[in-house]
Amino acid sequence: MDSTLFSYLDYAVYGTAVIVMLIGFYGAMVKKSLLKIVIGLSVIDSGLNLLIVAIGYYKGGTAPIFSQGFLENFKSVSKMTDPVPQALVLTAIVIGFGVTAVALALVIRLYRHHGTLNIDEIKNLKW
Amino acid sequence: MKKVLVILLLAVLGYYTAVTFFDIGFGQPHFVAGVKPVKDIYLAKTVKPLTVSNAVTSIVVNFRGFDTLGEVTVLFLAVTVLGSVLYKKRHAVGERSVLFNASSIVTAGSKLLFPAIILLGAYVFIHGHLSPGGGFQGGVIIATGFLLMLLAYENYSVSHTALSIVESLAGITFAGVGLLGFMHGGTFLQNFLPAGVLNNLFSGGIIPIIYIAVGFKVAAELTGVIYTVLNEKGESNG
Amino acid sequence: MIYFILISILLLLMIAASVYSIVQKDLLYAVMATGIISLILSILYFLLQAPDVALTEAAIGVALTTIIFVITIRNTVRMEEEGESKEKFKSAVK
Amino acid sequence: MVGTPVLFIAIPLMAAFLIPLLGMIWKELVRIVPGLVLTYLLILSINLLDHVLAHGPIVEVIAGWGPPIGINLVFSALSGFLVVLMEFLGLLVWAYSYRFKRNVDYEPALKYFLMLMMLITGSVGIVLTGDIFNMFVFIEITSISAYGLTAFYKGRNSAEASFKYVMMGSVASTFLLLAIMIIYAQLGTLNMADIANKIHLMNPTLKIVSYIFFVTALGIEAEIFPLNGWAPDAYAEAPGPVGAAFAGIVVKAAVYAIIRYTYTIFDLSGTFNFLIIIGMITLIIAETAAIRQEKLKRMLAYSSIGQMGLVMVAFGFGTEEGVFAALFLMLNHAIIKSLLFFSGSYLTYNSTDKKISEVNGMSKFLPITSLLFALGAFAIVGLPPFAGFWSKLAVMTAAADSNMILIMALVLIVSVVELVYYLRVVNRVYFYKKEADVKPKRPTVNALIVMITLGAIILLVGFYPDAVTGLLHKASAGLMDKTQYIHNVLSVR
């Protein structure tokens, strides 16, 4: 098929992941709302996970599952995508969810104390 | 001013990250020449000694099972921290925040869907070593089932005691099966059960047992997370 | 060709959703945008031959993360405040 | 052998899952069980360390797969020394915080001791593990417990400090994962020894990028300038004993991780100038900030950051003497800073702001606590008969061996600065009149026992440093010998 078009994809997936991460970083560093900061952190996580899964991908590879069909017309194992990044991302997603939940709980408690989410008005502590 | 600095910093960071990953390359073999990557060993050993169909499962539960033990601990800790951060003396029944007033169609539909969702979750984590999915995915699906009920019914409540009993028992099963691996001079998390036949439900030794325990644990933990956050009624300044 | 267009659209949508989630002042919409990012991600994972990760992302990213964000917004404020005084804000809530 | 290294992780996790059930039977068990677990692990770690010093490192594989495939734990002289230190301090923190302030009620006590136990377990895991992704998981366990412990008090500042910590921690884990994935994409392995064996094959640019990401991520946990914005707040807002746990346990684990990456995994060698520069900047900025602090705990926090900078400088020499000095410094800092946090916490027990002015004249009401605080202050400054003197001397010797006169002068100047701000507090404790509205609180028996134990250790190390130097020399020799480490791990089947 059209291989020149596909050569763009080589950069597109990584590029998108990095751009999404940067957007998340921007949100977490610049925005004043506590919730926006947490949203930024979760956007960073999304980009990062895409980046990691993309590392394991091989062109024309199959999912790393030895189903009945795969075993019958046995193809080479090297045609499978790399399962290690997938396993690591599984761990990373679950851990990221735990951290997000903790951050949101802190946001709720800060709101209860201060009545606002604006980071400028919550500065009892020097940064 | 701050924004410009941030953008400059991010531009540098983004440039180096992007260049690094473009160097690695997408969709083609990227390992350095002369290196035998562990993934080949994993893929080879998934079928032969382990008789697991899903390579991701064999990595998550067996080769790198120690990570998974740490991971369920992270979730367990997240529930603990949530409880500590949002701690209140006692809850009156029905005093949780209601996201919307569900109509009778939603409540009836939820009642109908709930068993199906639980069944799907159970199916996903029991077949974790055969098909995509496993303890985490199944556990999360079950937790979404409880979430649906919590949203549809204002007075639906989950017993904290029951949740923590399920969670503890599942955790003890995981760590206990791991310690049982020390039998016959093995190591922690050693696969000590017979392997069975590939693509059968009863195959893979201890892997299905651990994944089922993980499923129960993740389901209880995530339900606990949702329930704790949902019980938090806002608007109480001071 | 279809494959190429599909992936390009998904990637562009993902960037757009992430920009929207940072720029949007209404936090509820911003959170919905992160849910959309997760949805797109889960399709992308499927296309990248990672069904396990796709399942996890669909369940955790789309359902659970979004819902705890929504609950948090419910318990706090819906709009992002930029540099307004506390008194003004309090009267706006009541 | 009496046990294996994996028990350091498996037993506390088992206990953590069991504690909520036990609490339903008898509520006091949620306090007792963590103590029993920590006591058992302390005994186990001492036994294993004894074994290791006689017979060489223990490498344990998990799930029956040998090193490049599975995860392995390495219990060497270095990691064994740190594990003993962590379990010991953990036991002391547990004993000190038994029924401490909010811990009297059942629910908070359950959560506090769970989080404390997991904090220690996570740090021990960071030190023991031989796998970079496993280290990431343990870092997350440690950080989440630390977030919870920072926000433990209901005061309004604690949640804010914790939120700051969560933000920095998330950024740290992002960078850590990026670095891990760059290494995996190049070398196809996650095992430390295997990576160290193959690192010369890696593309040099990618190697540098991933090393920078590693140092950025771990620098956040290890309080290195400019990534330590969270530290003073977290120390100041967390409960007093938790401050000791942060200074003595968490930071030590993070420093260990940086050192492991620098010395073993990446094929860097010679003098690490960037470590010296980062360490010096951290040291100078932290000590000058400490002298301006109004609050006691913030002052201790900045002093802690400064000490970490000094540790970095000592590691940066790249010689065996430098490593020895750094390890000695880490040991001393752990025990002395814990004593300062423990006794300082009672000196300002009932105050909300923990101002330094509130310790005025406390020596008349709390004679033993004040004496121990003064002992700790003199020891950390490095006055001769106490423990801190020998470690500062070791740093000076190492600097002199490397012909770095500037650093010797800097260490001396910094010691003077430290002397100034610690003497300011001690002076207030002994020679000022007590302010009327400050109510002193007598330490409980368990707290007193803990503080006296630490004081005795400081004196012991001060008068008889040979008690620990032998072990430290072995540990530093083990860190310097990279090929031996690789051989030890990879030869296990």
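Letters A, B, C and D name the chains as they come in the text, with residue numbers starting at 1 for each one.
The definition used in the following text is that a contact is a pair of C-beta atoms (placed from the backbone, for glycine too) under 8 Å apart; a residue touches a chain by one contact, two chains touch by 3 or more.
All figures in this text were calculated on a predicted structure; none of them were measured in a lab.
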| item | value |
| --- | --- |
| Furthest chain, CA centroid comparison against subunit D | C |
| Separation of mean Cα positions, subunit D and subunit C [Å, integer] | 38 |
| Subunit A-subunit C separation of Cα centroids, rounded to whole Å | 12 |
| Centre distance in Å when subunit A and subunit B are each reduced to the mean of their C-alpha atoms | 16 |
| Averaged-CA centre spacing for the pair subunit D and subunit B, given as whole angstrom | 30 |
| Multi-chain contact residues (two or more partners), subunit C | 51-52, 56, 60, 64, 68, 72, 75-76 |
| Shared interface positions of subunit B, touching two or more other chains | 17, 24, 30, 37-39, 42, 54, 56, 64, 67, 71, 74, 77-78, 81, 85, 132, 136, 225, 229, 232, 234 |
| Sites on subunit D at which at least two other chains make contact | 133, 137, 140, 144, 147-148, 151, 159, 162, 178, 185, 190 |
| Inter-chain touch pairs (all) | A-B, A-C, A-D, B-C, B-D |
| Contact footprint of subunit D on subunit B as seen in their complex | 16-17, 19-20, 23-24, 30-39, 41-42, 45, 62-67, 69-71, 73-74, 76-78, 80-81, 83-85, 87, 161, 164-165, 167-169, 171-172, 175-176, 178-179, 181, 186-191 |
| For the subunit A and subunit D complex, residues of the former touching the latter | 21, 28, 34, 37, 41, 44-45, 48, 51-52, 55, 84-85, 88, 91-92, 95, 98-99, 102-103, 106-107, 109-110, 113-114, 122, 124-125, 127 |
| Residue ranges of subunit C in contact with subunit B within the complex | 51-52, 54-56, 59-60, 63-64, 67-68, 70-72, 74-76 |
| Residues of subunit A defined as touching subunit C within the complex | 1-2, 5-6, 9, 12-13, 16, 19-20, 23-24, 26-27, 31-33, 35-36, 38-40, 42-43, 46-47, 49-50, 53-54, 56-57, 61-65, 81, 86, 89-90, 93-94, 97, 100-101, 104, 107-108, 111, 115-118, 120-121 |
| Subunit A contact footprint on subunit C (complex, rising order) | 1, 4, 7-8, 11, 14-15, 18-19, 21-22, 27, 30-31, 34, 37-38, 41, 44-45, 48-53, 56-57, 60-61, 64-65, 68-69, 72-73, 75-77, 80-84, 86, 89-90 |
